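This report refers to the structure that appears directly beneath it.
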């Protein structure tokens, strides 16, 4: 069996350099690659282009990259939880490309699936459509949108085996499976790394073919943004 | 909870009439909706357009429809296991549209996913490209392919709950999940119908939103085309 | 004038049995509390869940289970989890029957603006553009006027659009209105004790009044 | 002249450690038997399986577990199952490193024809067009000549094409050949006891011979 295990987050991200494009899984703070983020923070690289649905919060997740000035450009759908982000954007320190969430998800999927472009209705008649080809199908207008790729994709799963097969948990799945397929090199961190044969082949969410490196992360904080409870 | 259960295959297909377009899951004879096929055979409807990767064999699966002259047109990627098929085709009794398997899968997925068209490299420079828009992305040529839809999709799963959530088994999954999403009305037959709460939400292959009717099939024959064993 | 809860309660009357529904953040989220118990519906959360259950008890909180507003939630027996591409395939493919969301402005053509105030707010559109471009039925929940008294029902939107010609119905603190096929807000119902004249004066876009306009009914 | 098994054996020498490989029906399927034991590779079956294991014992036969040739198979500890859209996403997205398939004809530009004989065979292309349009490395396994002695390595294909400019290497019963960037079959190796002259006489397309051509080596 192919073994894709690396020893640590530091080993996994060792060749990530200034100026690369990173995809990072997660929705809000749920399902983000905490250990890879910590390892990259230590590396102090700069000029990153980051594809992530959100930008973390001021003191957690991608927010920590922003604080250290590591990010040149964010490609996201919603970045509303982050004051430092807003400051950098208004000061012109940060480029931002805002993309409708479904278009973002589908562009990433297209990147992994070898589809260079597709038509989608989201954004027709809005500023998202500026400069894009518009075409009518069955009486409805659609925009042509292009695939997104990344030099590295950093994903977080619940369980993974040494061959890179992954299972996610709950809504922490979100963007992780599409990003796993769209990275030239995909690094998976998992809460539990298991031997091959431990996962039911029928129930795997992301097949190992998409994963180049895998390691078991530790001390997952899993911070909650909106702890909402019923009484 | 929404309950999508119908009593029998006969009830499930009761409103399927002459001239409709049907998607039918399965790869070869694996994962085909055996009970729906049997119920439709009894109805003796005609002029069907069938979207299915294969066309069954002479005496099983969609081959039985062909024998009874129920099919006007097949949309498939490979139909090589069926002599009656070849006879009808050469005699001009049957229309056939042959589509590369990956393009077929993606066109069906697009149908369910609201993507009207996408670019794919399969078939560039071949007769599949005739009449299609060709465009270059990053130095490579791609064809524009359109979504496929169906009036009814007939899918077969291993387990399903009364809300229509499905789990498939092994390679019997194949085209079933995409077809489930691409049918205006999707009928799921399952080997085991279970109450809601029996399936782990994290491990569901096809969410119930895509399913309009579900029933437990009986007497699955699961015929094998190429029984190949090691000694 | 209706409270937010009453707006939610009135919108809940639009829900039909068997529907799959996406609820936006704010008033739309409250709608879940008022869906009549005899209706079987499924709530979709676009971050990857069908079958959104109630908020968890303190002991049940799971950071791996949140809704699109990043709130902790629970699942139900018929729940299913999926990834973001599948979630928007569902939305884009028209499988979600009803979308309820808030708005800053709605035009008499059914255009909606709810994601950006130039130079002021740059949070992003999230899933709103996909939802309004794809849902079969879109109901907007909002205040009839802004805090400084400006009508939010306009001839054309002044803010950057989220989607065009997509809103079907609007429920405000003053009225229930439908978008006419050729444009205009058809006044369907008045809030209790609110006059047609008041609604007319607070609607900047074309208001269409057809005969007697009934008061909203709450059971 | 090589037997089918020897063609498969020679192709197996092209396999590299860590590769994901799709094997077509016929000779390509045999390649699996000759992959050196020290190499860790994963076989993909386009009907939805990574990690294709050996054929089952009689008692293990499962109708829900077949390969793209509809043969019953088994899984391995690292196997994963997926649907057809995911399978071709993998193929189209370039995640499969090596595709080995049969052909009726190959042209000196690397075009391949392997799916249709007009008026005679109408089985369909299956996944072949997707595979040849997307795989990074495509090796063709075939007989050098047809049964009636016609060369299958041609200046241009006469049969309907499966894909254009995609084949990288061809292993026949007579030779190993590579497609030159500007067209032509570069003769890399001869089968044991087969002369360059014989290969030349049986290759209708442009054959490029660069210096001494070694014999194939089998360990």
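Order as written gives the chain letters A, B, C and D; numbering starts at 1 within each chain.
By our rule, a contact is a pair of C-beta atoms (placed from the backbone, for glycine too) under 8 Å apart; a residue touches a chain by one contact, two chains touch by 3 or more.
Note that the structure is predicted; figures quoted are calculated from it, not measured.
Q: Tell me the fewest steps from subunit B to subunit C, where a step is a jump to a chain it touches.
A: So the least number of steps between the two chains is 1.
Q: Return the chain pair with more inter-chain C-beta contacts, choosing between A-C and A-D.
A: More contacting C-beta pairs are found at A-C.
Q: Taking each chain's centre as the mean of its Cα atoms, which chain lies farthest from subunit B?
A: C
Q: Go ahead and note the Å separation of the Cα centroids belonging to subunit B and subunit D.
A: Centre separation, subunit B to subunit D: 29 Å.
Q: In angstrom, rounded to a whole number, how far apart do the mean CA points of subunit A and subunit D lie?
A: 36
Q: So, what's the distance in Å between the C-alpha centres of subunit D and subunit C?
A: A distance of 55 Å separates the two centres.
Q: Among the residues of subunit D, pick out those that touch two or more other chains and give their numbers.
A: Residues 49, 81-82, 88-89, 91-92, 134 of subunit D each touch two or more of the other chains.
Q: Give the residues of subunit B touching no fewer than two other chains, as numbers and ranges.
A: Only 106, 109, 113-115, 120-121, 168-170, 202 qualify.
Q: Among line, ring, star, complete and other, which one matches the pattern of chain touches?
A: Basically it's none of the tidy shapes, so other.
Q: When you check every pair of chains, which ones turn out to touch?
A: Result for touching pairs of chains: A-B, A-C, A-D, B-C, B-D.
Q: Which stretch or stretches of subunit B touch subunit D in the complex?
A: Going by the criterion above, the answer is residues 27-31, 53, 76-81, 86, 89-90, 96, 98, 100-106, 108-109, 120-128, 158, 168-178, 205, 222-230.
Q: Which part of subunit D faces subunit B closely enough to touch in the complex?
A: Checking each residue of subunit D against subunit B gives 45-49, 54-58, 61-73, 81-85, 87-89, 91-92, 111, 122-130, 133-134, 160-165.
Q: Write out the stretch or stretches of subunit A touching subunit B in their complex.
A: 106, 110, 113-121, 135, 137-138, 140, 142, 146, 167-170, 202-203
Q: Going by the contact rule at the top, pick out the subunit C residues touching subunit B in the complex.
A: On the subunit C side, the touching residues are 18, 20, 40-42, 44, 49-51, 75-82, 86, 88-96, 134.
Q: Residue numbers of subunit B touching subunit C in their complex, please.
A: 1-3, 109, 111-115, 161, 163, 165, 181, 195-197, 201-202, 204, 207-210
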